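Given below, in the form of structure tokens, are the structures.
The same chain A turns up in both complexes below, where it pairs with chain B and then with chain C.
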Partner chain A sequence: MTSLIPHLVNGLTLGLLFALIALGFTLIVGVMEVINLAHGSLFTLGAYLALSTIGAGWFAGTPFGTWWLELPMASRYFIGLALGPVLAGLAGMLLELCLRPTYGKAPLYGLLLTFGAALVIEEVIRLGWGTGEQSMPVPQMISGAFLMGGLIFSTYKFYAAGFAIVAILLVWLFLERTPYGAIIKAGAHDSEMVRALGYDLARLRLIVFGFGSALAGMAGMVMAPIWGLRPHLGIDVVIPAFLIIVIGGVGSFWGAVAAAILVGLATGITGAYAPAWSLMSMYILLIAIVGFRARGLLGRRSALEN
Partner chain B sequence: MAQSKISRRRLLTTAAAATSGLAFMGPWKHTRVYAQGAAKPIRLGITSDASGQYANSGAEDRRGMQMAIAEANAKGGVLGRKIETFHLDTETTPATGSRVAERMITRENCGFLIGAIHSGVANAISQVAQKYGVIYLNTNSSAPSEAGQNCHRVKFVFDANGSNFAKAAVQASIEKFGKKWVLLTNDYVWGHSTAAATKALLKQFGGEMVEEILVPQGTRDFSSQLLKIQQLKPGAVAAAIGGDDQKAMRQQIAQLGMGDKPAWINNQQDWPDVYGLPLDNLFGVFGTTWYYNLDLPGVSDFVKRYQAMFPDTFIRVPGNVFYNGYWATRELFAAIERAGSTNNIKVIKELENLKTSARDRMQHHDAWMDPNTHQMQQSIYLCTANIGTKDKDDMFKVLGNSSPQEVMDSDAKGACKLESYESTPTFDA
Partner chain C sequence: MMTLSDIPARGGVPLTPSMGVFVAVLATAPLWLGHVGLYQYLGVEIAIWILFAMGFNLLFGYTGLHSFGHGAYLGIGAYGFGLFQHSVAVSLWGGLLAAILAATLAGAIVGAFLSHRRGIYYALLTIGFGQVFWFTAMKLHWLTGGEDGLLNIPRPDLVIGPWRVDLNDNAAFYWFVAAITVVAVILMWRIVNAPMGRILQAIRQNETRARFVGYDVWRWKWLAFTISAAVAGLAGGLFAMAQQSAYPDVMSLHQSGIIVMMVLVGGGLVSFWGPVLGVVLYFIARDVLGGLTEAWLLWYGLIFVIMVMVRPEGLAGLIHTAVQRGPTPVPAAKPEKA
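And then the complex of A and B:
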């Protein structure tokens, strides 16, 4: 029997990365009640856009491109980390504009539209960057590995987990401590009241969708050095993200974080001791939790439960 | 303005239905080369993956077929008949493979089926093909069971299999890296049957399997498995991980600096799975059936033909998957010409007698089709990363080659029970 502790650490790290993936997804579902099936594609698009920024793909062969590539890798990486999510956010805003005619109609319209958008984004990626596997470079200071308890761990993975913690806290602080966060939360609770108070609901939705999509793009950029980059990566992302928000309770921010950590621990532990079950573990977790508590870990009580 | 409220339950139910739909949808494409003469075209059903874990390899496999088809059509076709193709995405899913094969034969009048990367898909297609007597060329899937327990009279396997590759690598690796091995196995038919071949060779040459770690298809994060390997401290890891999973695994091993120790023995290395990756991701020793930089007659012309036909393709030089797709298609056409007919039994007999010189195939040894297993017996090249190269395409350093006799899968003949000619339905394309 091998030691459990490294696998618990690994599971926790994985969980934080899952939380980063689910963050934008849960925000959009919570505020807009739209299941954005293009979330995974926006995740992938953000990563590709960041890749082109880092590698000067936009300006390859020009004097600016040459100058750009002479900059330190760390500078280019962090500029990519800023630009990729912003561009993914803009793509998300465009998608929200397309979604507008579906508001107030059966959810299937929104789902089909976001599903179609996912296919379109994937094809755009194929056309723009090709079908082959690409790898995301990382700066020297966060690459490599370190020893802990006699075992080797990836420095980058711990950086990504730390990044996820900071991102989660910042998003939470934004929602809890800023006036705009309060409007977003109020919009999630009762959008008609927000409109009645004079706030522009259409603009609120546009911003929330853009922000959620930017978070997806940021997660894509952070996860790309671990998972690699390929056009159909989105499918690997949207299903865990969906499961996590259901396990955590739809619309619950901390529910999603807790669910992501549970999914990470389940994947990590089964990956070590029963690897054939590692991908299945998140589905088993879903059945176990939703079977006993239909609204998820921290979901709001439904009228039917009263 | 009133806005209708949508129940959470309704939203989630619809989302679940649509999300599950994602896994089953894929593009499909119909390509027609219109017949220019009176003769009925020969319809070739291309059964390769355009989505899923082996989408990239499926595309490379198709390019190989396309080049062979274009060359045949440029010469006036086969038996004076143009070749028409019909492609459906097999989605790296056996159930889809089965459905696609059924439709190609019964509704699209395809006279031959060709293409496979995933062995489960190939097995599913071949069962349908056998039912109708339609010849099926398994171009690139390489589970030993494909030419063993799952062999069929109508199926011909053109890639080397896990057992061939293991024979080329295991004995020398035990001597070099020690007896203590961990097996990292993709949890499906190719992984299992390749691992079984490795286990048998470990036993034969005095190695010890410390543990076999099964990895589900679609795994993106290998950290748990890599931590486990560190704790077990093996001398070597025999990895049978394919497609996109392998790309993710290679990147993660390189990040951890685990590429040199333990030693990694990757039985088979498909070109699309590593092309474009940094060289430090290409650690270990691995096998292939062909490399674009082999110093043999005809190779450079073959590369030029590939580049002329696919000038915009990301993969700038042909690899083993392209090579197998090309040769399987070409050998099918040659067999039809030799038979002077598209009658399935006549063509099967020609394919069973197939022999190709080393020079023609651009390999180091003559190759032939084993009539007992329907697997192409060919050269195996053992390679490692070409560290220090300035040419980004020249990623492999060829360490040596083995003849087909040296690496023959000795268990296949006993496991394969081909259906008789009489019990195979007659089919004429």
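And then the complex of A and C:
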């Protein structure tokens, strides 16, 4: 039984990271009822942008680049952590502008458009950064490993999990405790009424999409040191996010968090006993849960069912 | 607003002018493909993908069920053919039958599971099952050869009575594939123009209404999925013959997405022939754009995104507008409140 504990810890950590990945995705699904299949690509794009910021890829060879590289690693890292998500957010806003003609039509069109966008972003990454795998450097203070109860854990994974907890709580507080969050939730519930009350719905959607995409970029930046960076990472990322939303139930914030942790635990535990099959466990979980509960754990009725 | 079911049924007569044009173009392709700057093997690829796309569109365009994991059934067909050659007997019809049966069985099981689901849940579960099949193909090394796949799949001779045709001859193989595609397309034409096609379209337009009118919606959705998987399996068998191998990438999500893009760009939502246009356009884009730039998928993706934005009814819809000069039929306008 004691041998199970490290796997549970690992699974829980993984689950929190999955929750971080799904956070922006669930926001966009909840508010706009758009399944953003480009979410994983924005995740990857954000990470690559941060990578270039940290390594001065933009200005390599120029005096500015040289000066930049002399800055301490930690400060470059945190500037990258800020800039990557902002740029990914801007890319997401551009995508939202493209999505506008599909509003009011069947959800299929949003799905298809974002699928095409995912393909485009992936190719852009391939052109810009090449096809090879790259690794994201991390500052000294959060690298290495530590011992706990006779077992070795990666410090960075704990840092990333802590990061995820803070991000989840902040987004939740924003949605639940600020007036802006109230408008966003109202926009998801009854867009006509929000419009009638005088709020600019188009701007609201643009901001939510940008914010959700920035969260994707941030998740990408945080996850990159663990998973490595490759152009087709997007598809490996968007599928878990998608699964988590459906397992948790479309439109439920805590459903998504719970589902993410469940998926993390399933992946972590199968990873310990049948590592070759651990990625499959999330699909089995999906089929098992959605097979019995059509709307996932905590889902409510939504237009996406039509 | 005009929708699919407003187009009058054509009584299941297989040889309309459009069918004639299709057969003529497919039959003469080897004669002119080389002259328009394309290479011969492209004909085989296009014919196989037309078969796959037509079967897919029965589900996607006609029934309105959005499968994003259809590459799985193409792959299962390919593995079915390859495994039969490797472990049962070197036999053409045996292999193709195994391909169809394997995909039909997989489709019947998955379809039974899916048919109670709607909308995005349906689409997501198709992805889930597609990924399960892909993953299984990757991991069952002893059966499927893992990531490398099944190699050296033989192309058995075609034997008709006293004649024996060597399908390793490229021209002979093209005729064989084209003939199968034509037969399957005529079959699809009959299905969509038979009452079954009307019922599927009724489900597409309003599932709840179709249920209240008295149709067993579950059974029809299941049947559409199974037939579509069977056709994909046949295409997969031919694919394994063409490539002489079967590998997991055929089942990848990327591949499943490409078929959706082809069908939508061609206009499969509004026209029987839309998928054919989409497949041809895709391969021409691949060859022409691919000759100009490494990142041809970037441009194809952009064309696709713009198409969804401004002309979601696809190429067939454009042609429809040009010919009729009337309002374009816009597919599935607003999600209905059930």
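We adopt the following convention: the second predicted complex is superposed on the first by the 297 of 306 C-alpha atoms of A that agree within 3 Å, B and C clash if a C-alpha of one lies under 4 Å from a C-alpha of the other, contacts with A are read in each partner's own complex, and residues count from 1 in each chain.
The criterion applied here is as follows: a residue touches a chain if its C-beta (ideal position, glycine included) is under 8 Å from a C-beta of that chain, and two chains touch if they have at least 3 such contacts.
This is a predicted model, so every value here is computed, not measured.
Placing chain B and chain C on a common chain A by superposition gives a clash between them. The partner that reaches more residues of chain A, of the two candidates chain B and chain C, is B. In the superposition on chain A, A:Val120 contacts chain C only, with no contact to chain B.
Once the two complexes are laid over each other on the shared chain, residue contacts for A:Arg76 go to neither chain B nor chain C. Once chain A of one complex is fitted onto chain A of the other, the partner contacts of A:His39 are absent, as it touches neither chain B nor chain C.
In the superposed model, A:Ala272 makes contact with chain B only, not with chain C. By the touch criterion defined above, A:Pro101 lies against chain C but remains apart from chain B after alignment on the C-alpha atoms of chain A. By the touch criterion stated above, A:Arg205 is placed in contact with neither chain B nor chain C.
When the shared chain is aligned, chain C comes close enough to touch A:Leu286, but chain B does not. Superposing the two complexes on chain A places one of the chain C stretches 114-122, 204-212, 222-230 or 312-320 into chain B: stretch 114-122. Chain A residues in contact with chain B (one complex) as well as with chain C (other complex) are 35, 104-108, 111-112, 115, 235, 239, 242, 246, 250, 276-277, 279-280. On the side of chain A, the complex with chain B involves touching residues 2-3, 6-7, 10-11, 13-14, 33, 35, 37, 103-108, 111-112, 115, 118, 130-135, 143-145, 151-154, 156-157, 191-192, 225-228, 230, 232, 235-236, 238-239, 242, 246, 250, 267-272, 275-280, 302.
Against chain A, the residues of chain B that register as touching in their complex are 3-4, 6, 8, 10-12, 14-16, 18-19, 21-23, 51, 55-56, 59, 187, 213-216, 218-221, 223-225, 227-228, 230-232, 244, 247-248, 251-252, 255-258, 272-273, 275-278, 281, 314-315. Within the complex formed with chain A, the residues of chain C that make contact are 66, 113, 116-121, 123-125, 127-129, 131-132, 135-136, 139, 253-254, 257, 260-261, 264, 294-295, 297-298, 300-302, 304-305, 308-310, 312, 330-338. Taken together, the chain A residues at the contact with chain C in this complex read 35, 98, 101-102, 104-109, 111-113, 115-117, 119-120, 123-124, 126-127, 235, 239, 242-243, 246, 250, 276-277, 279-280, 283-284, 286-287, 290-291, 294-295, 303-306.
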